[in-house]
Structure formats: structure tokens, C-alpha cells
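Each of the next two complexes has chain A plus one more chain, namely chain B in the first and chain C in the second.
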Partner chain A sequence: MNTYYAANLLIYAGIDIIACLALNLQFGVSGIVNFSFIVFQAVGAYAAAILSLPPDTANGGFQHYVGGLQLPFPVPWIGGAIAGGLLAIPVGFVVLRKLRSDYQAIALLVLSVIANTVITNADKFLGGAAGLALVPPPLSDRIDPNTESYQYLYIGITAVAVVIAFAVVNRVVNSPYGRSLRAMREREIAAASIGKNPVNLKMTIFIVGGVIAGLSGAILVGFIQIWAPSVWLYPETIILFAAIIVGGRGNNIGAILGALLVPVGFEEVTRLLNSNPNIANLGPPNLISALQWVAIGLLILGFLWFRPQGVRPEPRRVFEGGPD
Partner chain B sequence: MLVATDIHRHFEGMRAVDGVSIEVAPGKITGLIGPNGAGKSTFMAVLAGTLPATSGTIVFEGEDITHLPAYQRARRRLVRTFQLPSEFAQLTVLENLLVAAPSNRGDSLFGALRGKRYWDADEQRLIEEARGLLKRFGMSGKESDYAGTMSGGQKRLIEIMRALMLHPRLLLLDEPMSGVHPKIVEEIQYYLQDLRAGGLTILMVEHELHMVERLCDTVVVMAQGKVIGSGTMASLRRQQEIVDAYLVG
Partner chain C sequence: MSIFVAAFGFGLVSMSVIAIAAVGFTMQFGITNMINLAYGEVMISSAYLAYYLNKAGVSIWIGMVAGALFGAVFSFLLNRVVYAPFMRKGTANLGMVIVSLAVSLMISNLLLPIVGFYSVSYQEDAGKLIRLGSIVLTRDQIIVIGIAVVVMLAIHALLTYTRLGKAMRATAANPTLARNCGIPTQRVIDSVWLITGALCGLAGVIAALNADSFAIANGSAFLITILAAAVLGGAGQPYGAMIGAVLIGLITELSAAAWSPEYKEVVAFGILVLVMVLRPQGLLAKRGALAAAG
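Now for the complex of A and B:
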């Protein structure tokens, strides 16, 4: 396994872990079915891109976008995280206050489709369908990104981001506040009747999840150096939901496990199958890639049917001095 | 303690609660009885803020709470239980109690982010308080079990204990004996008398008239969304209209 392949795998794993931790906090712990999750990752990526790119007149003016502030690392990553959180405020305000939870899910799914369509067609705003290219990787003014040592550096800073995201989410989930979130997930009306403000709880977690999702987008765009509507279509959210369901809803370790098994694992298996000409040439073109979606659908159904609690179920909290 | 005046709650023209006015006296158990469909549970939901009133006013301890949402009424220690079991199924029995406690420093985002050291003292104090309640209600051995696995009667007890963790000034109980094993009915009755002796005010919807007679100081009778009488059970039994509407047999 060469360094670049390993770096690719580890950095994608880190990004997916961060995203799954955020989605687990929203969906697994708090019961918010955020079908527009990928939009928050996307806004983080776009924000990080336009904060780190030079003005669009650079590079011969072949692409158009707002911003182009050329700010140094870590400003674009912080900006990406803030953008994710800021987007959560108006979206949450519209969706989470009045709608019942099933309608919330539908509204968020529709938002994801609308956002992608708008960005695709607003070609002067964020590059339209072609997206943004030549996004400068973090610290590329100091270290050549085409070196092995840069790959290690990127793995390192991604790992730091994973640790921070895990620490934040873990503190929230394993606190009395996390208990209130789980109570809201179980019965919102009963939670309100004991003094919990469900709208406030949901808005807060929507924003916290948006910040973490935005950070994951910023890390991703810094690594792949391009960003376009085709990489954040709504089915990407479904893959992350599959990861949470498989890993174990409400369990942070389960979310990490799910991230490794589904987005990373499935992508790798598909890639490996496609790299074998005997398999890749079976049936019509792109059969293996299309079957990946079928497999993810079956995986979700299989787990919901046979093991709804996932590989690592939500832990039962036993307090010191009490019976097991 | 609580004065509800001319409360209406309509559902698309259907008058579930139609001009109900009641006063709940402090330190007493007030019963709310009536046939099915009388609007008792809807009225309780309106008092608790779970449903908004179409019109009317609710004053609790001198404050107009008519337009306050349920969570703000609970924070003023006006706490309800539900007609159907409403435990947090995937939380343990102890967690069901702890989650209701209003004074835990870890029960906010910033408190949680500051870490366990910041809120652990509160948590330990509340665990002790919750275990005291579990002992009093005979459920100590169940604290680590998921609430969703408990029997119907045990779920009722969990709800009452959960409400007590808020140190309520007024407790609204919606059919606390419904679907409960007779042995646990006796226990709940004992606990309610005990709570009243401790000064707690209770407004209770109940169908079991023997229970109402034994427990309640005052009884309000509702039928077709209206109050048709109030007083002690003995006085109500002497009113022919009420006997015809509800107390037959």
C-alpha cells in the first residue's frame, strides 16, 4: 500500500467519522432526522474554499465565485465550521419550530434538493455546476502538497480534528444535557412537561451538528481541492444515515464504526471491484457503482429488520452504587 | 393556588372543553371526574400547557400562565402526568428521574462542554435524591432497568416520581390508576395520601369512584365539556343531575 493511497483512506475515514459523529448527535441522540446533513458539509466546504482561494480573476479567470480572500490556515477551516453553524440557524428556525418530526425530515430532504439545484444554476456565485477547482490545501504555501510528508501532515491535522469532534460530542452525549436530548428523542411532549424546551434543544443541537458538519466539509475540500454540486447530492446523506444505523444509533463509538464500515468500506469495495477487469466488465457500464446503492439500501433494511440497535447499541447508563 | 376561568378548547368546531372554571385549593387533592369524552384530559392538557386554550384564563399562584408553553409551566412547578404511559423508554428508571431534575449544572450545552468535574457534584446530589424516591416507591431494585421494560403500574410510579423530582407545587395526575394492578393501585393511593400530608396540591382525573371518595377533598364533575357540579363526593351523590350523568350505580 503506497503512502498516497493510505493517506487518502485515512483522511476520508477521518472526514466520515467527523460527519457521522455530528449526524449521530442530531439523529441518533436527539432524534432530528436531518436529511439535509450533506448541505451543511457542503457549505463548510464552499466557505473554506472561498476563504482560501485567491480572487476569481486569478488563474486566468476561468472560474467565478464570490470571496477569494486567500486567508491562511486554519482560518478557512474555522470559517467552514462557522458557516455550517450559521446555516443551521435559519434552516432550524423554519423547520424545527412548528413542524412535526416526520414533516421536518421531508422539509430537510427538499431543502437538500433545492440547495443543490440553486448552487448548480447560480454559476457566478460558487462556480455553478462546474464548482470550484484549485482550492489551495492548508499550509501549501509552506509545504509542497505533493510530498509524502505533506500527506502525513494532513493525516495529522485531520486526526486532531477527529479528536476535537469526538471530545465535544462525547461530553455532550454523556452529560445531563445529553440525557435531556435522549428524553426529547423518546417523547417530546413528555420532555416539555418536565421543563425541557424542545425547540431550544433541537436548535442548539442543529447548530452544533452544523458546525461539526461544516468542519468536515472544510477538511474534505482542503484535501481534494475541488468542490462541486455533484459531490454533495442528497443520497450522500443517506450513506451517512446508513452508517449510523449500522454502527449503532446513539453510540459515538458505533458512529465511528459505521463511518468505517459504510462510507469508507463501501467506497473501497466498489473501487476494488471496479479495478478488477473481470468484474468491472460484467453487465452494463457502471453496474458495480449502481449496485453499491442497492447494497446500501439492503444494508439499511437488513439492520432495521434484524438488528435495529446496530453493531454497537446505545449504552445503558448504570450508575455507581446501583444494581446492574 | 390555581384558578382557571371560562376555559374553552375547541377542535374544529367540536367543543371539548366548553367554559370550564375551577379553583384548586392548596394542600388538597381535588378530583376531576366525569364520563368518557367529558373533556377531562383535554382540560388537564390545557392546564399543563400541552394544548393551548381557545379562550379563558389560567392563573397559577397569582401569575397569568394562560399563554405560557408547557415547559415554562413545568419550570413554575406545575407538573403533569399523562393518561397513557409516557416514560422515556430507552432511559433507565433512574435516568427517567434524573432527567426531570431542574438544577443540574450539566443540563446545558456549555455546562456539558465544561466536563464532568463541573456538574458531577449536582449529579451525585440528584442521584441520591432520586434513589430516595425509588426507595420510597419500592423500586430501588429497578433503577438500572430500561423504563420501557417496566409494567404498566411501574411506569405510572416512574411518572409520579419523575414529576416529584421537579418539586411540584401543583401535580396534575391524569388517571394514575388506569391499567394498574390492584396491588399497585393501593400503593399509589398510599403514596398520594403521603404526598398530600407533605403539603403537595394535587388535581387528579380518576374513574375509580371509591378511590376518589377515599382520596379527594373536593370533586369536580364534568360532562360534555362543562362542569356540572362540585363538592365532596357525599354532597355530589345527593344531586340528582350528577347522579344521572355519571354516578349511577
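Now for the complex of A and C:
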């Protein structure tokens, strides 16, 4: 158990927790089935990358991208969060206004596939299929990123981001505004009839979720220092959905639990299985990672069938003083 | 100019492939109220079945029949084993979308270790070139267009002239009322899954044949084009899906000629967005993708 391994685990856990909190706000609390969630994380990562990278003529010009502003931390992270929010505006405008909820889900799924195709083929825009490499980690001009103390520092700032994200979503969920969101999720027409504007509510949550997702992408790219279309394929969103369904839809603690159980847990189990040569060489190549996805699918079906409310169900909110 | 005439020829083939797939997809949705996101994966599974038969020396045309049968049985079982139980349990539409996406993920990843990542192609001589003015098509492409025309006429005859077709339309319009009128809706829905599954399997083999080479990742690309055609025509409307297929097939091939073939799905997606903004109910449907009133 070396420091690097522990740091890796903790930082991934932090990023998955932030992402799951945002998705829980959209899917669990407000009922928006955002199948393109990973695109918002990706746009945050790309934005943070091109804000912190030097112009693309650096390093011999082996990769091509727009931007390259070389801005100091925390500007790239803030930029990533803003990019996630900005993307949510046009997407929400097309998808959330008129469409039936299951069509919204499909439109977002299609968007996720198409966005990946476009970025892969547009090789001058954001590095194309090869993606962006050598993204400078935050504060790397002051502290050497290859030291142990830098790992602790990164864990620290990730933890601060987790706390901020948790505080924001908790504030929303437990406010009267959160009550409106739950009312809309349960019965949109009834919520509209008492003067709640579902389109406004959905748009706002879509943007707030996009901002948090963008932040999670910025933290991720600062840590792994590369970003490419192959890391944000649409099934990545399904893992996060599995986390929310397992943890408990609408419950922030459940979302954190789900993030630790599903994305982090599955990643660790696959890694452990692959590190054992006896298991890793069984069957055709990629068997274990393929079976990991099958297991995610079974997990979703199993929980939806046997325990749709998840491990930590959403608390039933009872008005004290109401009739028993 | 002649490049566009040639592209029109390819458009005819494209629209044939899309029409078979989109009619199956939209009928599943219209009659059983199930948006089956695993449709593209069932198509790919059938295409691979035909590939292995083809490799063993079986003609691709027999492989097509086998693919259709496989698609029918696969879709029927998918509904019986997964979708129908969840629906009976009262899972909402949104829940069903998540269920079908999970199923789609499972199918492609169960298939992956068996078939591998790499693209494969059928061993089939496409036959001699046939020229109609500037349009040049292979014999196989002409046959594909012929199959699509026959299938569309058969679907029209089924829905208009047979008792089963009328029962399907009644079930689509109002399942409870249909049941009260003595229509065995359970049997109707079973036959819908069999018929649309056969269309799905057939479309999978034809799409793979038309694409020259295919890989497991093509499932989601198929799905996008089908969704675009189905939504453009008005979801749940078989005739709408036919019109949608004609438009999407033509526009994507013309754009490929004018721009770049890599962006075919992007163009299909652009059409999908335009429809969702301007006419969410699609060309034919009254309600379609629109939210409930209020």
C-alpha cells in the first residue's frame, strides 16, 4: 500500500462522489434522466486542459488543440465548471422544454454518442481520437508533482471540492426549492398546477449539475494529465446511474455510498482480478472488463427489481403537525 | 453533379436498410410502449450469427433468413424474460429506458469476448455492376432494395388486411379497450415482438452486408440512425418510419458525398435535433414525442 496507490484511490473516489452527487441531483431528486452526463464531465476536463496547457506549438507541436492559455490554478478548474454549465444551456434548451421524459433520455443518450464521434473526428479541435496529453497538474510550477507531498496536496484540494459539492447539493435538496424539485419528479402536472414552472426547474438543475460535473472533469484531468474520447464513452454514464440506483435515488448519502461501491469498487475488483495472472489469462482478452460491464447491467436490473429504492432510500419527509 | 446522382443511388440502398430497421423499432414502441434501446445490439448479434454461418460456407441469403429468425426469437425472449416482468411490476417509462440500456450494455459485452473488437466482413461477391444512367449499383444492392420494398408492402398488408394487424393497431391505440373487446392482447404483443424482432435481425444482416465491414461498436451507430428515422416520422408510426427512412437515407448519403462520410451519424443527429425543436411530434403522429398536455 504505497502513497501513490492510496492517493489514486482517494482522488478517484472524490471525483466519483462529486459526479454522483451531481447526477443524483438531476436523476434522483429531479427525475431528469441525463444519459449524457459524462459529456458534461468531459467538457469540464477539456476546458480545464486547454486552459492549463501551453499553446499547441509547445512540445514540438505533436498535438493540436485550440486555446492553450497556460493559466494558473484555480482558473482551469473554475473554467471547467463554467464550461459544464454553459454546455447545459443549449442542450437543456433543445431537450428539456417540450419533450416527453423518455424522449429526453433518448435524446441525451444520442447526444452522448454523437459528441464523442464529433470530437474523435475533429482532430484539430481537441486532439481528436488521440486526445490531449501532458496536461499540467495544478500548481505544478510551484510544487513538483512527482513528490509525495504533492499527492497529499491533491487529495486535500479534491476533498475541499467534495465538501463544497456536498454542501451545495445538500442545501438545494433540503430547501423549499428541493421540495419543488421532488414535487415535479413525482407528478409534473400537479407541480405545474400549483405554480411551479417545470421547465425552469429542470433547466436550473441541469445547469447546476453541469457545473458540478464540469468541476469533476477538471479535477480528473488535472490528476491523470490526459484526456481522450475513449475515456468518456456513453457506458461511463451508465456506471454512475448504477451507483445512484444502488446507493439510493434522491439520497445524497446514498449517492456517496453508491460512488464508493460501484465505480470505485468495480474498478478495484477488476484491477485486482487483472493483476492476478492466473485469472487475467483466462479466456479471450478483455474478458474481465467485458464481464465487468455485464455485472454493472445485472446490478442495475437486480436493484430495480428487488430494491428499487437502493441501499439508502430517500428519507420520507413528514410534515410535523400534519395529521398522523 | 454526377457524384450527387451516384449518392442518390446509395441513398436508395441506405433508405432500404434504415426502413426495415426503423419500421421494426417504431412498431415495438407504438404497440408495446417499449423504447427498446437494445435494438441495435440485437441487430449486431444477428449480423454476427450470419457472419459465422457465412464463414462456414453458408450463402449470405440463407444467413439473412437465419438472422431474421434469430432476431425474432431473441427479441421475443428479451420481452418475455426482462421487459414484460418489469412492466408488469409497474416500472415507469423512464425506468424501462434504463432497463433496456442496461440490457443493451450486457448484450454487447457478452458478445465482445466471443467476437472480438476487430471489424469483420462477409464473404460475398456483390455481383456485377448495374448501371442506370449515372447510378451504379451492385446486384446485391438491387436485391436489398427489392427486399425492403417487399417487406414494406408486407407490413402494409399485415396492418391493413389481416385480423392480427387490426388487433395490433387496436392494442396500440388502447390496450385496455382492446382487451375488453376480446382481443388477446398478450398474444398480440408476443407476435409483435416476433415480427419486429425478425425485421431487426434481417436489418442487422442487411446493414452489415451494405457496410462492407462491421464491428461490435456499430450497434450504437445503427441505433442513432434508426432513432432519427423513427422520431422524424413520428414515433410509433410504421408509415412515418418509412418516410423518415427515405429522408434520412437520402440526406445522409448526399451529405456524405458533399462533405465527409464520417459525419453520417452526425447529420442524422442534426435532423433529430431539428425535429425535436421544430416538430417533436414527428411528421405523422399527433402526439409523439410531445409531453403530456399541461
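Quick note on the criterion: the second predicted complex is superposed on the first by the 317 of 324 C-alpha atoms of A that agree within 3 Å, B and C clash if a C-alpha of one lies under 4 Å from a C-alpha of the other, contacts with A are read in each partner's own complex, and residues count from 1 in each chain.
What we mean here is this: contacts are C-beta pairs under 8 Å (C-beta built on N, C-alpha and C of every residue); 3 or more make two chains touch, one makes a residue touch a chain.
None of these values were measured; they are calculated from a predicted model.
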Which superposed partner A:189 touches (first chain B, second chain C, both, neither): both
Contacts of A:61 with chain B and chain C, given as first, second, both or neither: neither
Contacts of A:197 with chain B and chain C, given as first, second, both or neither: first
Partner chain in contact with A:277 - chain B first, chain C second, else both or neither: neither
Which partner reaches more residues of chain A (counting touched residues only), chain B or chain C: C
First, second, both or neither for A:105, with chain B first and chain C second: second
First (chain B), second (chain C), both or neither touched by A:114: second
Touching partner for A:287 - first (chain B), second (chain C), both, neither: second
Common ground on chain A, meaning residues reached by chain C in one complex and by chain B in the other: 189, 192-193
Sites on chain C touched by chain A in the complex: 35, 37, 82, 85-86, 89, 91, 93-99, 101-103, 105-106, 108-110, 112-114, 116-117, 220-221, 224, 227, 231, 235, 260, 262-263, 265-266, 269, 272-273, 276-277, 280, 289-292, 294
Residue ranges of chain B touching chain A (in the complex, touch as defined): 48-50, 69-71, 74-75, 79-80, 82, 86-92, 94-96, 98-102, 104, 106-109, 111-113, 115-116, 119, 122-123, 127, 131, 140-141, 143-144, 146, 162-163, 165-166
Interfacial residue positions of chain A with respect to chain C in the complex: 31, 33, 35, 94-95, 98-103, 105-107, 109-111, 113-114, 117-118, 121, 188-189, 192-193, 234-235, 238, 241, 245, 283-284, 286-287, 290-291, 293-294, 296-298, 300-301, 304-305, 308
In the complex, chain A residues that touch chain B: 168, 171-172, 174-180, 182-183, 185-187, 189-198, 204, 208, 250, 314, 316-319, 321-324
